[in-house]
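You will see subunit A twice below: alongside subunit B first, and alongside subunit C after that.
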Partner chain A sequence: MSIRHLWAVIRKELQHILRDRGTFLLVLVTPTLVLLLMTYSLAVEIQHVPIALLDYDQSATSREFIYQITAGDDLDLYQNAASMEEVEDLLIKGKIKAAIIIGPEFSSDLLAMRGLSLQIIIDGTEPETGGFAVDHIGWRAEAFANEVLAEQILASGISLDSLEPIDLRIRSWYNPSLEPRVDIVPGLLSIVLGFPAFSVALTLAREHEHSTMEQLLATPISRIELLLGKMIPYILAGLVNVIVIPIIAMAWFNVPFNGNFIEFLLLSTLFLFAELSMGMIIGVFMKSQSAALALSFLVVLFPGFFLTGIFFPIAALPEMARMESMFLPGTHYAIITRGVFLPGIGIDTLWPYAIMLVILGLAFTGTAALFFKKKLA
Partner chain B sequence: MFRRILALVKKEFLHLKGDWWLPAFMLFGGALELLAIGWATSRPITNLPMMIWDMDRTAASRDLVISLENTGVFAMTEPAESMETIQDQMDRGEINAAVIIPHGFANEIDTIGGEPVLQVILNGAESIPAREALRAVEGVVRSLDEEITIDHLGVNPDLFKGFDFSLRVWFNEALNEAYYTTPAELALMLEFTILIFAALTFSREREFGTLEQLLVMPFSSIEIIIGKSIPVILVGLFDFTLMLGVVHFAFHVPVRGSIFLLFGLAFMYTLVELGKGMAISVFSKSQHQAFLLVFMVGMIDFLFTGYAAPVESMPKAIQYLAYLVPAHHWLSIMRGITLKGSTIIDILPNILFLLGLGVVIGFFSLRYIRKALD
Partner chain C sequence: MTNKEFIQITDLTRVFKDNIALDSINLTIQEGELFGLVGPDGAGKTTLLRTLAGLLGITNGEVRQAGYELHKSTEAVKSEIGYMAQEFSLYGKLSVLENLRFFGEMYDVPAQIQKERIPGLLSFAQLTDFTDRRAAKLSGGMKKKLALACTLLHQPPILLLDEPTTGVDPVSRREFWTILNDLHLEGTTIIVSTPYMDEADRCSRVGLIYQGKIVECDSPEKIRGKVDGEFIKVVTHDWQKAREIIQPLKGILEIQTYGEALHILVDSAAKHIGRIRKTLKRNELDITEIRIVKPRMEEAFISLIRKIDQAN
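Presenting the complex of A and B:
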């Protein structure tokens, strides 16, 4: 391999990128921009869940209960329903996510300590929101019942504390209030930094599509030089994002960055190498840019979302999918980014994942080079 | 006019014949991906690695560990002997939660008025599993609380069960995850397929310099647009049918409403996205640029669909913006017709919005494309 040859290919590729300003800008800003957008929408804390109430009791107690249920920001009273049909209609139209039905015996049952005559209905098409509503209604109902019953309970010689004897001390490390954005920003890095891989796949496929690949191969440039030369400009574009994103994460989203930045840069380079090598395999096999893009979506983008443990924990995946996730560079990089950002660990602990990235990168590049040779021979 | 359009449609399909990868992806990729991802992730969160540090080592502490295991949410790792082990494993991200049972836990439980302490440490670096773990631990502790209280006070067990309420889940009685995720994933894949294919239409001709050739032929711009549209619509509807089959037969998601209505609206949605994709296609100088734009637009749409996070919880301004995203209405329609059995009246607002957006997008795309072509 000669540096001069490599540089020639890099220069050619840079000219392609720079000549078309629109594309250049898109390649450079897409990762950061998508990360910003996704963080905003994914880190939404569920609140203002619209609910309906159907009060068959119509007593002072039930009205007080309703008042307490809707006092916070978590649940919004959309409508006081008059009948079950109305509740049903609201649920079907998607106007409400949950409904609380207060039975006619609500206050009498409660005061006689016979339990809560309460029914909660949730919209099962959005279980996340529904579950949230159930939890919050449940807590409020329990607190309300305790309050109403406090006098009676005290009179019977039981202290309120003894209703919950276990002192549960919960601590959440690295992210004390379990705010989603704190771990979503580092997690998303492994997705958005994969975007340059699409571009690598596309530029290789473009040479096939325009039949310029033969011309390139007629030059004294070796195949591996050609592949690396195609990849390096996009690794650089990715690295710009590696530098910009932690700054945005800290300044804009208040996500801590506790690790060593230089080590992070190094580990990110390894990831870009492995991830972009995947793009290279695609580019070598696909003869048109459109096919290359479609395949990139299928094997890079969607698995990146669902199988790298960012949103769905890897431990909960079925065996086969867990094995597949080990072959995705994003899986290892997600562990690295979370580790560097939050607990602030370094290469001394993260080296096994770094080695995995190197192995994957070499294996992918090797495969690409091998088939590249065969296909054109 | 029809013969000329037919000729154009034929030409589009000829392109596809040369490279069989693309039609293979376009036709079957979405359905296969849906099958794979639906299979992998449409399940409750289980198996979260949890570490126990049991300093008490009594029957009561072992019972607690068994109760935690029985939730099915956790997989117990090697028990810890010190805080350092927990710290180390947590830092590495090897465990999602740790439970520390201090000395005297059983003693405190047995004494009336005692205060058994239980310490739980969650790995906040993965907030989704951490929340799931928290929910499961709280559930176990709550029922233990109840047992202890009843035991201590020697009261009638019915008395303290009094705070439970009855819960019913509509449209998805068994809380099947696939019901929730697969229709949304279908909507996402359909959008990307149509957008990519539509974005190809003109950007490819322009990149190869064949657009001029096409323009000097005796086709009017409307004929060119229609000829380019028909293959996209056909592929879109084929994909939709196949993916709906996957969702219904592989994941048992019911179609409770009218399937004709669903197909009719799918057709309408295809047209709307087609308009968007073609506008991108004319705007872009190269395929590379067109794809990057499709990608951005698709991602932005995805955020507003309500799949990732409920739209109701977003800031008001964003909620209004969501009304302008066709995919948002399409997802409501999909969920409505399949799971809720919505009739045309129930989802009328979504249909009207989709129609309105279609007219606006169609009008501007058409004008823009014609201007660019003429």
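Presenting the complex of A and C:
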């Protein structure tokens, strides 16, 4: 391998990244931008869900219950309905996402410890919001019932301590408040760093489209010099993102970064090598930029979402998909980023994933080099 | 001592799916020749040049260039060749100088030698004032000259140029050919394809490629002499009517039109010139000019291709 050839291609490609606006945006701006957008849209906390109440009990207890239900920011009382028809009308018009119907026996059942006669109706067209409403109404109702019952028990002279044989204390490590952002940002990193892989796929196709490939193939450059020369500049561009994104994550989203940054850079380089090699395979087969882009979505972006365990646990995937996920660099990198950001673990623990990335990178680059012919047809 | 058979092509065949692009081509080019490759679009000019440049595989046959067997040492022979693709194929985002340097690196020209050669090439290609301009922003003629300069930096003994002057204005074309003549004088072996017949006339030897075969290969002089018959040039005030009248006459092989002038191919000019003159006068057509002319390259080729088509 000639270092001169390699360096000449790297320099030319870097000049292209810096001078071509489209490439510049795709490689250096898009990852951060997509990360910001996705973090905001995925980490939304649902609030102020409008609900209606239909109180058949009309007792002091039911009024107290209604007051407690709507005391927080999560559920807002949109209307006190007078009939089931009214509830239905409000649901159909989309004015409310859930309705609570308090049965006529509500207070008597509660005081007699026969449970809560409550009915919750949710708008099934928005299961996310509906589910949220059910959960929150459930928690509040439980708290309310416990309170009422505790009063009763106390009044009857029984000590409360003797009634709780199990003292379960759940503690979430590393992300004590279970804030979704803290988990989403490290996970998304493996997806947004796929954009430089798009560029690698596009850069070979572009040479074909502009017939510069014809001129390039007429020179004595070797296949591996050309492929590595095409890949290394985009690894460097990817590393710029690897530096910028944790800074934004810490400064903007208050995501803690507890690991060793140098180790993180090294592991990220391995990931970029493996991920960009996938782009290289696409570039070797696709002779037009539009085809290369379409295939990149299919091969790099979508599996990155669904199969790397970021949003859906890998253990829950069917066996075939689980196997496929092992061949995706993102799967291993997602474990690395989550480990480095939150618990702050390092290479001493994460090395098996690093080795997987190296193996995948070598296998993908080898495949690309095998199928890349220095011929036009 | 010059190497007699610098480029030797034996039974070269290249098949694309079901299309025979090159059909057992045999051609020998000597060192220092300026060889013109002409032929209609789709005849196989580009395929032949790309094959010689090592960009296409060979279906059958052999190619030897500068002592290298093409299919055995494709990569080694590339250093001996300067190939210029038909379409603009340099990096638009790089400047004139950066493009030159890039290809200098690709061909392993040492930095010091690049420094020495680049100013010469720039002035040679008349690009000295545009060194820092992005290649995408050059005019058509300048792009072609830059592409040529990029193929010359490693001083290859063989130059393969695929229609280097297509889409270039006449002034730039002339400049381009001046450069080629200089290279020819320096002893570079050049194969140049062109759709322009006046350019074919500037070559030391010309090969006519048609339907994947070399159908004629000789000096421009001799190719012109291969036309069976002679041309009579006739200019009248109504060329369309004149054409209609002359066409059915006996012994008229073919008529080519050049503006107002008709070039009439006949087996013997002396035999027919009088008869044509008489016929035109009888039809009350004023003759401005009627004389025997030497066949031009273009006429020679059109005539040769017609003959092949008729034989098929």
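Criterion: the second predicted complex is superposed on the first by the 342 of 377 C-alpha atoms of A that agree within 3 Å, B and C clash if a C-alpha of one lies under 4 Å from a C-alpha of the other, contacts with A are read in each partner's own complex, and residues count from 1 in each chain.
As a working rule, contacts are C-beta pairs under 8 Å (C-beta built on N, C-alpha and C of every residue); 3 or more make two chains touch, one makes a residue touch a chain.
Not measured: the values here are computed from a predicted model.
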Most subunit A residues touched (candidates subunit B, subunit C): B
First (subunit B), second (subunit C), both or neither touched by A:Met323: neither
Contacts of A:Lys287 with subunit B and subunit C, given as first, second, both or neither: first
Subunit B versus subunit C as contact partner of A:Asp123, first or second or both or neither: first
Touched partner set for A:Arg4, first subunit B, second subunit C, both or neither: second
Contacts of A:Glu214 with subunit B and subunit C, given as first, second, both or neither: second
First, second, both or neither for A:Asp20, with subunit B first and subunit C second: both
Subunit A residues contacted in one complex by subunit B, in the other by subunit C: 20, 210
Touch list for subunit A against partner subunit C, complex: 2, 4-5, 7-8, 12, 15-16, 19-20, 210-222, 374-377
Partner subunit A, residues of subunit C touching it in the complex: 16, 50, 53-57, 74-76, 78-79, 81, 83-85, 87-94, 98, 101-103, 105-108, 147, 150
Residues on subunit B engaged by subunit A in the complex (per definition of touch): 19, 21-22, 25-26, 29, 32-33, 37, 39-41, 43-49, 75, 90-93, 96, 109, 113-131, 134-135, 137-138, 141, 144-145, 148-149, 152-153, 158-173, 175, 177, 179-180, 192, 196, 200, 204, 208, 284-289, 291-293, 295-296, 299-300, 303-304, 306, 308-310, 312-314, 318, 332, 335-336, 339-342, 346-347
Residue ranges of subunit A in contact with subunit B within the complex: 20, 22-23, 26-27, 30, 33-34, 37-38, 40-50, 91-94, 97, 113-116, 118-130, 134-135, 137-138, 141-142, 145, 158, 162-176, 178-180, 182-184, 186, 195, 198-199, 202-203, 206, 210, 286-291, 293-295, 297-298, 302-303, 306-307, 309, 311-313, 315-318, 321, 335, 338-339, 341-343, 345, 349
